[in-house]
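Quick heads-up: structures coming right below.
The two complexes that follow have chain A in common; it is paired with chain B in the first and with chain C in the second.
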Partner chain A sequence: MRSRGEISSFLHELPAAAKLLVLAGAGTGLVLVGSLPVLAGAFLATLLLYWLAGISRRQAFQQLRPLLWLLVLLFIVQGVWQSWELGALVVLRISTLILLAAFVTLTTRTDALIAAVESALTPFRRFGVNPAKVGLAFSLALRFIPVIAQQANDIRDAQRARGLGANPVALALPLIVRTLRMASDVADAIDARSPYSDHSGDEGELPPRFVLQPNTSNARMSCNDAEPQLKT
Partner chain B sequence: MQRRGTTTKDIVYIALFAAFMAALGIFPPVMLPLIGVPVTAQSMGPMLAGAILGARRGALSILLFLALVAVGLPLLAAGRGGLGVFFGPTAGYLFGWVAAAFAVGALHEWGWNRLNVVTSFVFCALGGIVVLYAIGIPWTAVNVGLPLTKTAIASAAFIPGDVVKAGLAAIVAVSVKRSYPIIQRTA
Partner chain C sequence: MMTTIEIRAVHQRFETFEALKGIDLTLNEKRIGIVGSNGSGKSTFARLLNGLLIPTSGQVLVDGLDTAKSGKAVRRKVGFVFQNPDNQIVFPIVEEDVAFGLKGLKLPAAQRGALVEEVLDRYGLGPFRSHPSHTLSGGQKQLLALAGVLITRPDCVVFDEPTTLLDLRNARRVAKVIAEMEETVIVVTHDLPLLQSFDRVIVFDQGRVIADDEPNSALARYVERMQ
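Right, the complex of A and B next:
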């Protein structure tokens, strides 16, 4: 998710597909590299990328923070059991990979990444992958995350009012049944409103992107190219 | 994504279950010390996806959820997300989720007609623990550069928690089968 203020750089403007390809290449390459100076170079180059893209040092550090203790522990375990050099190697490799992957995420908009995924799937058509259906699944999931999270909260409140406390079954069960009911309604709505309904056969094409209108809980669909409206 | 006809309904189930996975992420995780694998309600998701949607739809819904994480949404427990999480030492468990959901789903489809809490628990444990660890442990070992046995011993600390989760997932799965069955009995 591109959490940007005014920040924009030539790195932000690069096509998402290109960035993903470079990341995949670097990911494979870094695992194969076993030399400390090369890895240190890669780490510094990654930091340079952050600097070039105008990402603050704080934000860069935040990408590693959840793993910080794990990395420290790894370094010590490796150092004691194997060698300190290997410890440095492993920690540098993991940090570089994570920073690099987070860099792609930080400099690329979510919709651009989804579009890249969809177009990357086009060659797989012959294997039965339908990019439009993948796109529909993406948009639907995005649209329904806030809805289902809201229901989870409602159910939790209701359980608490009845003194059920933190009972995972009492939460998961009604939440799943509600989710499945909702899914059934939404599927009917899509089929009823879509001229591309795939009841007629597998070859039915969906339009490029379905978008659920916000504020109608589960029924209305329209097909335009706008992004799903995420309430956050 | 479709092999022989993924209907609209299949897609919606897949998408909404992925959203359900995301909703599970809002419950605070318990971070176990030492190796840093967070224990979360979310990790029950793959078992539930398989047990309720079946092998194919279950695995695809987890895959979709991971794809949403990969494009940067902070949906994993503790608000983690982005491509970075797929390169860490515990990323094998994320990939393992897909296989686990598939295995749990395949077993549930196979034993659907005589499903009860006990069989469902066994299926959830086989898929959600055995298959999951079979992928997660080697990944950690390679990523971290530790011997397989040492990694396996360190990971064993999570098995009690996962057994509890398999039990909870089984209770939920059997109740959902009773009230809203999705898996069709396969001949």
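Right, the complex of A and C next:
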């Protein structure tokens, strides 16, 4: 997701809806295309997009790293059982798709993405779909991926400290329990933090307390004595 | 604006466990501390104050509004800062998370941005407005959680153990912010020095109020009880 300090390019400024549409089209196209040179070209074109957007090679590689072992495994299995060409084709297709999807999130504000999703889902209101709730779910998924990953690391560390080896069940059970407990708190927090919304997407009139006041005596008071630092 | 919260004959049961046993209080001071041992009912009590929990029996009235009947209206008056800010931050980017409190309001984008900027600057989070929220330190996350509540402009803010998960430096930072807030503040905490300058401290034990006084007397009673 975009953060301050990243280079802002014309690709960053494109509308989120357009990027999502192109992503959907490219995703479909990549699945239909079976030509190795075309897929290699698509992969290179994606890397060119990263370069044009000013995203570093390291950051681009980070998008693929979590799935690297899976890509290697796929390449070997396809190569041994089918052909090495098919292996390369599958790996190129998946890598390009991942990079393209990551490119959209890296160059688009989350609220713009959510607004685009909500807008796209508006016609489905008549079938009972609540676009605002889907948008909120989308945002929560993006927000809690790093939190749950951190919890998985904490559990793994705790198990290592107690001499337990890598056991997927021993990791999954406490992680599920923690996540469910957290979900209950998050639901309460959403309720407590959005007193003006019923999550239907409708907007009400502005109450008088929202008239913007000039800085009061306690404005800018808290952290100037201790410069906030990002966690390293 | 000073908020008055009336708690009338409140009992709170969770299946067979009775967390609160007949609480009668009127809260109308600017700074109120709530202390008690683990399981004493203090966090349950805090959740009753903005309608996150509805009492099994009895009534909680915020400026005359019953939390059981007017949940949204009550939550506009009383904000709630949870113990773990990670569970309270719901958007991946700092400024987007703060803006979440404005959801449902007909606000032009410029005014929305100005309100977000005002509250972020108030807590020194301005330089991080476009950062992913998970990259903030513990203290910054707690301040972000507070900013996310204050943007809704509540008259009163309830904190559930705001310094428990923080190191000494961050705990002091958050304590300073709480001390300087203009809003009415109700703090549930184990951090007794934080309450020294408060107007009133209420001590809970086994679901009952065992002391309700100015900080020195109430805290002395609490410490005595814990020995």
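Here is the rule we use: the second predicted complex is superposed on the first by the 126 of 232 C-alpha atoms of A that agree within 3 Å, B and C clash if a C-alpha of one lies under 4 Å from a C-alpha of the other, contacts with A are read in each partner's own complex, and residues count from 1 in each chain.
The rule we apply is simple: contacts are C-beta pairs under 8 Å (C-beta built on N, C-alpha and C of every residue); 3 or more make two chains touch, one makes a residue touch a chain.
Since the structure is predicted, the reported quantities are computational estimates derived from the model, not experimental observations.
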Query - First (chain B), second (chain C), both or neither touched by A:G54 - result: neither
Requested in this report: Check the residue A:L140 against both partner chains and state whether it touches chain B (first), chain C (second), both, or neither.
Outcome: both
Report task. Figure out whether A:T110 sits in contact with chain B (first) or chain C (second), or with both, or with neither. Result -> both
Query raised in the report: Given the touch rule stated above, what does A:G41 touch, chain B (first), chain C (second), both, or neither?
Result: neither
Query - Greater residue coverage of chain A in the superposed arrangement, chain B or chain C - result: B
Query - Which superposed partner A:M182 touches (first chain B, second chain C, both, neither) - result: both
Query raised in the report: Of the two partner chains, chain B (first) and chain C (second), which one does A:R193 touch, if any: first, second, both, or neither?
Result: second
**Report entry** Overlap of chain C and chain B interfaces on chain A (superposed complexes)
**Finding:** 1-2, 110, 136, 140, 142, 147, 182, 186, 190-191, 194, 197-199, 202
Query - In the complex, chain A residues that touch chain C - result: 1-4, 109-111, 136, 139-140, 142-143, 146-147, 150, 182, 185-186, 188-199, 202-207, 209-210, 212, 215-216, 218-226, 228-231
**Report entry** Residues of chain A touching chain B in the complex
**Finding:** 1-2, 23, 27, 63, 66-67, 69-70, 73-74, 77-78, 81-82, 86, 89-90, 94, 97-99, 101-102, 104-106, 108, 110, 113-114, 117, 128-130, 133-134, 136-138, 140-142, 144-145, 147-149, 151-153, 168-169, 172-173, 175-177, 179-184, 186-187, 190-191, 194, 197-199, 202
Query raised in the report: Which bits of chain B are touching chain A when the two form their complex?
Result: 1-9, 11-20, 22-24, 26, 34-36, 41, 44, 48, 52, 64-65, 67-68, 70-75, 78, 80-89, 143-146, 150, 168, 171-172, 175-176, 179-180, 182
Report summary line: Per the touch rule above, chain C residues touching chain A in the complex are 47, 50, 52, 72-73, 75-76, 79-80, 82, 84, 86-93, 96-97, 99-107, 111, 114-115, 118, 121-125, 127-137, 139-140, 143, 148-149, 152-153, 169, 173, 176-177, 180-182
